[in-house]
Amino acid sequence: MVYLTRSEHFNAAHKLYNPAWTPEKNDATFGVCANQNWHGHNYDLYVTIKGEPHPDTGFVYDVKKLSILIREQVVDKLDHKNLNLDVPFMKDKMCSTENLAIAIWNELAPHLPEGVQLHCIKLYETARIYVEYFG
Amino acid sequence: MVYLTRSEHFNAAHKLYNPAWTPEKNDATFGVCANQNWHGHNYDLYVTIKGEPHPDTGFVYDVKKLSILIREQVVDKLDHKNLNLDVPFMKDKMCSTENLAIAIWNELAPHLPEGVQLHCIKLYETARIYVEYFG
Amino acid sequence: MVYLTRSEHFNAAHKLYNPAWTPEKNDATFGVCANQNWHGHNYDLYVTIKGEPHPDTGFVYDVKKLSILIREQVVDKLDHKNLNLDVPFMKDKMCSTENLAIAIWNELAPHLPEGVQLHCIKLYETARIYVEYFG
Amino acid sequence: MVYLTRSEHFNAAHKLYNPAWTPEKNDATFGVCANQNWHGHNYDLYVTIKGEPHPDTGFVYDVKKLSILIREQVVDKLDHKNLNLDVPFMKDKMCSTENLAIAIWNELAPHLPEGVQLHCIKLYETARIYVEYFG
Amino acid sequence: MVYLTRSEHFNAAHKLYNPAWTPEKNDATFGVCANQNWHGHNYDLYVTIKGEPHPDTGFVYDVKKLSILIREQVVDKLDHKNLNLDVPFMKDKMCSTENLAIAIWNELAPHLPEGVQLHCIKLYETARIYVEYFG
Amino acid sequence: MVYLTRSEHFNAAHKLYNPAWTPEKNDATFGVCANQNWHGHNYDLYVTIKGEPHPDTGFVYDVKKLSILIREQVVDKLDHKNLNLDVPFMKDKMCSTENLAIAIWNELAPHLPEGVQLHCIKLYETARIYVEYFG
């Protein structure tokens, strides 16, 4: 078994805001992240898959096809978007990095070819904060 | 003469949108960057000053004081903000990285102590795009 | 289960020196790292915790609180210190990166809130050398 | 148990080409990577070993000895080489990053001292593509 | 005047070899870089242009157009190529990073639009070696 | 004219302390950097030289020779040292990054070969603080 990772990037706006709470409770809980006018990030996404290298190619999976898959299923839906307003699969969810990583897993997993398993979604919100989700 | 650089970071939302233009012309010119619901970035800011090291300290300027100055005059006004809506010194300007770097220079330059000159504002919008302004 | 990582930094002096050995054996074993006048590093510390995202916030744990916890329990005790002389929890231990990572785990683990588990301490001594400890 | 990682680097030429296939099938499968005149990469190699820190040194293993071992058993055989033509242990294998990581594991594992286990070979082909092999 | 930089990447094979010299002199001068079977690199290219931001857009030049220009005029001719064999504009030149940077300048400069000047070609051969050319 | 840069690294201990001042004034001025038991850094050093590429080699200067020169004249005197105690060329100087960069210039400049000029010493104390000296 070999693990293959490809990174992609997207830039997006969001805010942390629980609509069931008062503005005061949102501010107290999320601080500047609750700014009603939004803020944003350059997100770095690392997708790790695992499988056996194919004897004819030496590939677990063609990394160019993996890149296209990530862009079509995930990045094109998130890049230069407002994560709270523009992304159907984040609707009615708190827009934390944790929830975003889980949602990216759920978008991507059904589209991997036979013989290849999704292993990890690693998502950097900043250079010093990241989450990992293993399904 | 020695050049001293300190980097700071801020996360912000923005869009590229010229209000004198039609939505169609904005889309044609700025593409996804014109998304009306905003997008955002992790901006990396490098501030370079120059001067002679002081014989008593070996410092051009105390880099901790420089960091505080950058945060008070610039980062606190930009971090977790919407650059188009929340930042008085960007009001009525196109919110490009070029214009943001010039505006940061103008905010910071008057506050440097005697004997120290601002040399360069270098601003990364993404890891692969940056601008530099030398006054 | 989601894994959340926050990185912090500290700069410290240390040496590798076993007081039960002769200076010659220390030099033969540790080479330049045994320099009696010390050397030092910029240490990069990655703390990974795991848990379930809370439905109200989407957070495994508020990463700002995690940052404060790491600074109070670990970084403030190590930053701009001599690891051999100034740090009670390293007293009478060989000051290797391995032992430092284990000690950081032991300092931090008791202070995590209920529902959150410490998963990994990853500590870079240089950009090309790091250790990981999983408890 | 503590995990210790050391990174090393090598620069090499290679191509992806299955000699059992026609040139057309190679081009269709591997695209520009099948260029008959070769292309190349700066490979970043991360070798992770695991063990108990020794009470006398605090070391899982002396990282300088680990660096020498990696260079002698692996890097000296790959650096500034053509991976398809110059490397006996890649002969008759598809020269993918996956297969290269497995081959590096097989070269290195027999040479680790008692009490130390090889845990992971992580190999970056570019800054955005890497594979991991755990034996 | 504002300076705008965009980075692009290409992976290529090359060797350092002066055909007017004996193999022995080539080996003595270029060492492992003269390996007749080639080696290769991940090259990082930083293109810096300068100009006045346009009042309508805030742009010195649309960075997406700059990226397309660099790819069409430079990267597509170098990526996954053998720099000695496959690149017309490197023919009969020593394939050093210095000469490659000068050649990239000459390819790119004629294609910049009016009002924008090429300022610098910065080319990394490895993470620790780069050259800069200012025309 | 082409500019060629090579980076090297060293790890060292130091403190900021003016012996003409009281301990109280040192603490007030330098804060934690005045810790009498020292602290330390991983310093990243970038040496830039300039010249014309030689027609026979394409080199401004052989970067391997430049690396050896930097190590012999600079890095070997600083690596795993105490900058205040162990380095003759820093004796009786405030051990700031500014003064260290100037001293490195003075050590290195006399040893460059004819036709090659030292252009810049760039020295990172941390990933977010660096100085540049141009002679």
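Which chain is which? They are A, B, C, D, E and F, in the order written, and residues in each are numbered from 1.
Here is the rule we go by: a residue touches a chain if its C-beta (ideal position, glycine included) is under 8 Å from a C-beta of that chain, and two chains touch if they have at least 3 such contacts.
Fair warning: this is a prediction, and the values are worked out from it, not measured in the lab.
Student: Which chains does chain A share as contact partners with chain E?
Tutor: Joint contacts, listed by label: B, D.
Student: For copies chain D and chain E, work out whether under half or over half of the interface numbers are shared, and give different or same accordingly.
Tutor: same
Student: In terms of CA centroid distance, which chain is the most far removed from chain C?
Tutor: Chain centre farthest from chain C's centre: E.
Student: Would you mind pulling out the distance in Å between where the CA atoms of chain C average out and where those of chain F do?
Tutor: Those two chain centres are 28 Å apart.
Student: Could you state the distance in Å from the CA-based centre of chain D to that of chain F?
Tutor: The mean C-alpha positions of chain D and chain F differ by 33 Å.
Student: When the centre of a chain is set as the mean of its C-alpha atoms, what distance in Å lies between chain A and chain F?
Tutor: The answer is 41 Å.
Student: What are the residues of chain E that contact at least two other chains?
Tutor: 127
Student: Touching pairs of chains, all of them, please.
Tutor: According to the stated criterion, the contacting chain pairs are A-B, A-C, A-D, B-E, B-F, C-D, C-F, D-E, E-F.
Student: Okay, in this complex, where on chain B does chain F touch?
Tutor: 1-8, 48, 53, 55-60, 62-64
Student: For a test of understanding, state which residues of chain C touch chain D in their complex under the given definition.
Tutor: Those residues of chain C that touch chain D are 16, 18, 20-21, 29-31, 93-99, 101-102, 127-134.
Student: Can you list the chain A residues touching chain B in their complex?
Tutor: For this pair, the touching residues of chain A are 9, 11-14, 32-33, 35, 37-42, 79-82, 85-86, 126-127.
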